[in-house]
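See the structures that follow.
Look for chain A in each of the two complexes below; its partner is chain B in the first and chain C in the second.
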Partner chain A sequence: MSEIYDIGYRHYDGPRLGRAHSFRALAVHSLRGIFGIGRPARSKIVPFALVAIMLMPAVVSIALMALIKERGIAYSAYAVIMQAVVAIFLASQSPTVVAPDLRHRVLPLYLSRPVSVADYVAAKVAAMTVAVFALVAVPLTLMYVGEVVVDLPGDPATGEYAGSILMALALALLLAAFGLALASFTPRRGLGVASVMVVYLLSSASVPMVYGTLYSTGNEAAASWAWLLNPFWLVDSVQSWLFGTPPHSIEGAAYPSGPASLAVLVLLIAAGLGALALRYRKAAAR
Partner chain B sequence: MHILATEGLTKRFPTVTAVDQLTVTVGPGVTGLVGANGAGKSTLIKILLGLLPPSGGTARVLDLDVTSQGAGIRRLVGYMPEHECLPPDVSATELVVHLAQMSGLPRTAARERAADVLRHVGLAEERYRPIGGYSTGMKQRVKLAQALVHDPKVVFLDEPTNGLDPRGRDEMLALVRRIGTEFGISVVVTSHLLGELERICDHVVVIDAGRLLRSSAIGEFTQSTQTVTVEVDEGMEALAARLSETGHTVSPQGRLLVVQVRGPETYDAVRDAAADLDLCLIRLEQGRHRIEDVFREEVAHV
Partner chain C sequence: MNTVVAAITYRALLGRRRIVLLLLLPLALIALAVLFKLVGEGDQRTTVLLLQSFALSTMLPLLGLIAGTGVIAPEIDDGTIIHLMSKPISRPVIIRTKFVVAVSLLALFATVPTYVAGWLLVGNEAGIAAGFAVGALVAGIAYAALFLLLGVITRHAVTIGVIYALVWESLVGNLVPGARRFSIQAWGQSVAGQITDSPFFRTDVTLGFAVPALIIVTLAGVFWAGRRLRGYSLTGDE
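Take a look at the complex of A and B:
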């Protein structure tokens, strides 16, 4: 047992900052948790391995541009092509943001401070959004820097790059809201990982099923709506409408109307945030 | 000046009334809040933190209203929950620095305060290791540190001695006493053992089934039932006989002897008797004044 050292107690009379400060502190703390910074080494393996995998196509693309003066992967297609990696990242890291505080009942330590439940949830969503955004935006930016440095013939695709960055943010918000909502319904980490993964797999698998069924019954216009069942294609369809990029659906099949896709995107983000708010209103009352 | 005051405070849950028409005031210093499990202690603390809206009545902490100025109260108070509430994968330092920031301290101040407070509660080098590997005693210290890190005016400590061994219990109680005296932070500490709180409190509030049973300065609690528990290896009967001869009231309880204390001479008598009879004295412990005793007294007074 350690001894209690007898040095006098000092009072604190420095500044006490407001909500913005605690919001930022919580978001940064959660973000560190997502990437395992300040945690044991094993917490860093999964997130950083996934980041490394995400960077690989960008590196290959830069090599292609440098060696044979040809573009590799398109900026607008990056998230759709790498969707499995992004989904695994979301599934494996969402529970680290919400589950420990629920499972180990840390929430009362926050709520007994000048932090409201809404602030808490918002900071968690912000942290996860930044993490997913960084996962997608860092390789895009690397590739863009590569393109500028290599100096391909013709103008650099600045517009497409900027558009894909903006859509990466929308995608990150959608995934963060849903990932955290799903993960927060179970305090157990493993179940959280599984539930996020299952929902993603269902959303992916249902696309060809619904599409095929409607297409074979001659309902081609209705079939195109099937793409919106998967979050990555949903965001791609909004991108295609806003920035005129080609659809990155399988075999370049056409998406339904852009405004409707945007409406679905906004509704889904609202639904995810709403589910989180309900979940935490219940958790806070305990 | 009162640090907290309630007026007809009531909290009803669908199936149970946890706090019932409670009117009590608490001044600065160390105040014990005593009640059996389920007496409404934790519910009362949650109301005082502004986390549970009362069903009726009013409560003020540091002259701030719990329903309308909850955030203001939470800026000025610290709270140590009864249950386990620590994430296992971060270190004590990381957690306490983080929670200091959540209370509004800038990062550098949070680091300094966390280091100070962790040293005060007696966590040395181990504070850099993940909390998951800590003993119960160390975890209780971390819980206490996070309640003090933002230098609150009042701390609410919910059962701080829960799960501790006798030595850890003594150290925790000494620490609580220091917070109230040396640190100059008012303390409201709950326990279901009155005997524990008698040693450290200036004032004791006893509640039962959400109702106020008694609120008085510690000196007013009757000392007449004080006892000392004696345990000897063998020869208990002989010791009991010897003590009875010298006019002490002795009652055997299993392997233990409970002796009524009449004054310092009782301890001498026990010592001399054990020495004369050449007995192996294992334990000599001041009797814990249990909450049940107060209830019995209160009922007797009615």
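Take a look at the complex of A and C:
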């Protein structure tokens, strides 16, 4: 006959911090992991090198404003022009958020605490969103501060700046949902990087070609829908509708109607989050 | 060559969902070719544009990256390479086997779709399909060797490879003409340009530079990867 003995371990009777605290802790931990903070130096090289590349056009732009009193890159065009860097950042850092937990199968350990699957996924998406948002918004803010300090003739473009910051948030949410969903399908980091990259390049390399071909054969209406296949141009088309900025597609080609773009954007974010939730429901059951 | 190592590597790369990754880009290339054909743009100019800017400069580097690092990096990443290295198989032979596997996959997933896409659009006109297929094959061999080496050297092989293919070959290569001399893609295009005589295709690296460069990169990559693996020590990351 067996019996459980009380062998004198002390019980924990300190404060229980609850779900909100564990959500915050998980999100902060993931965010630190994305930038390699608290990890060895070689984990910091890639994210910070990409941040530095991302800042370069802003610095050049400030120099232009200071020296020849001219604007460099428009705020609304920044993310579209630098899309390759943002995509590489997303591809290289998404797996660091999701892959280790999947590979070492520690999900049940998280879920044995008050954290639910939804909390876990939301914390990861929040961390990645903040990281991508910071990557885009920091150069924009730097450029805006530069513009105010340099004091260009005329009012500073505050409206355009605020609009581009809002759209950077939408872009970050879309990219984070999709990047994490794609990366979470494999527990291996290399494959995760490759799969995010494959999907991005499919959308970026094929869109101008599809557009050009449809346009030159006289299907202008159908051609403009091609831009919505790429996340950066999709967000830019919403921005151009909401804030009246000129389209930053190649050669300033027109976008399809704004409300439709917004609907596609919302649907895609929902699809990305849905795919993540399904993936983790399955992973948690193992 | 070691057939058992080759079989294990094939299974690791083609098993389960991973084959989807290798299939996505070639299928997109053929879908684009079909789309162009349907809207009636099946002329030499579009074909060259599609094969040059999609097949050679987007699909090939990425497939080279997936195949080249995929044959060895996952095994190093999760430590199972130790089982392979503890067997009495010479390590340069392991590398050579994995290189051959990567090249065969690239021939299947990059060269064949390139030829099919070109053939769908213009048939065998001006040797475009054949030229680009050969260009894709020789550049694929060099990519496989380079990315295999990268996979042995660093755990961030895929990220560094993506930065090389996207930032150096595409972005810098488009802005600074001199950078194109040090781009595997441009060497492949130079070989392709030698076979096709389409007036819409121009290359800017001479064949006399491209061919020796391709051979040197391939041989040096495979040789150095073999040397690296001989003195390899497994260490943790993160």
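Definition applied: the second predicted complex is superposed on the first by the 274 of 286 C-alpha atoms of A that agree within 3 Å, B and C clash if a C-alpha of one lies under 4 Å from a C-alpha of the other, contacts with A are read in each partner's own complex, and residues count from 1 in each chain.
Everything that follows uses one rule, which is that contacts are C-beta pairs under 8 Å (C-beta built on N, C-alpha and C of every residue); 3 or more make two chains touch, one makes a residue touch a chain.
Source: prediction; values computed, not measured.
Enquirer: Could you look at A:52 and tell me whether it touches chain B, chain C, both or neither (first, second, both, neither)?
Expert: Neither partner.
Enquirer: Give one of first, second, both or neither to describe whether A:63 is in contact with chain B, with chain C, with both, or with none.
Expert: It touches nothing on chain B or chain C.
Enquirer: Based on the superposed arrangement, let me know which partner A:39 touches: chain B (first), chain C (second), both, or neither?
Expert: Both: A:39 reaches chain B and chain C.
Enquirer: Looking at the overlay, does A:267 come into contact with chain B only (first), chain C only (second), both, or neither?
Expert: A:267: touches no partner chain.
Enquirer: For A:254, select first, second, both or neither according to whether it touches chain B, chain C, the two together, or no partner.
Expert: Neither chain B nor chain C is touched by A:254.
Enquirer: Should A:100 be classified as contacting the first partner (chain B), the second (chain C), both, or neither?
Expert: In the superposed model, A:100 contacts both chain B and chain C.
Enquirer: With the two complexes superposed on chain A, say which partner A:197 touches: chain B (first), chain C (second), both, or neither.
Expert: second
Enquirer: Which holds for A:214: it touches chain B only (first), chain C only (second), both, or neither?
Expert: second
Enquirer: With the two complexes superposed on chain A, say which partner A:114 touches: chain B (first), chain C (second), both, or neither.
Expert: first
Enquirer: Show me the chain A residues, by the header's touch rule, that chain B contacts in one structure and chain C contacts in the other.
Expert: 39-40, 43, 100
Enquirer: Hey, which residues of chain A end up touching chain B in the complex?
Expert: 1-5, 7-12, 14-18, 21-22, 25-26, 29, 38-40, 43, 100-101, 104-106, 108-116, 284
Enquirer: For the complex, give me every residue of chain A touching chain C.
Expert: Those residues of chain A that touch chain C are 39-40, 42-43, 45-46, 84-85, 88, 91-92, 100, 103, 185-186, 188-191, 193-195, 197-199, 201-202, 205-206, 209-210, 213-214, 216-217, 219.
Enquirer: For chain C, which residues count as touching chain A in their complex?
Expert: 17-18, 21, 24-25, 28, 32, 35-36, 39-41, 46, 49-50, 53-54, 57-58, 62, 65-66, 69-70, 73-74, 77-78, 151, 155-159, 162-163, 166-167, 170-171, 237-238
Enquirer: Would you mind writing out the residues of chain B in touch with chain A in their complex?
Expert: It is residues 49, 51, 71-72, 74-75, 77-79, 81, 83-91, 94, 98-99, 101-107, 109, 113, 116, 119-124, 126, 130, 137, 146, 150-151, 167-168, 171, 175, 182-184 of chain B that touch chain A.
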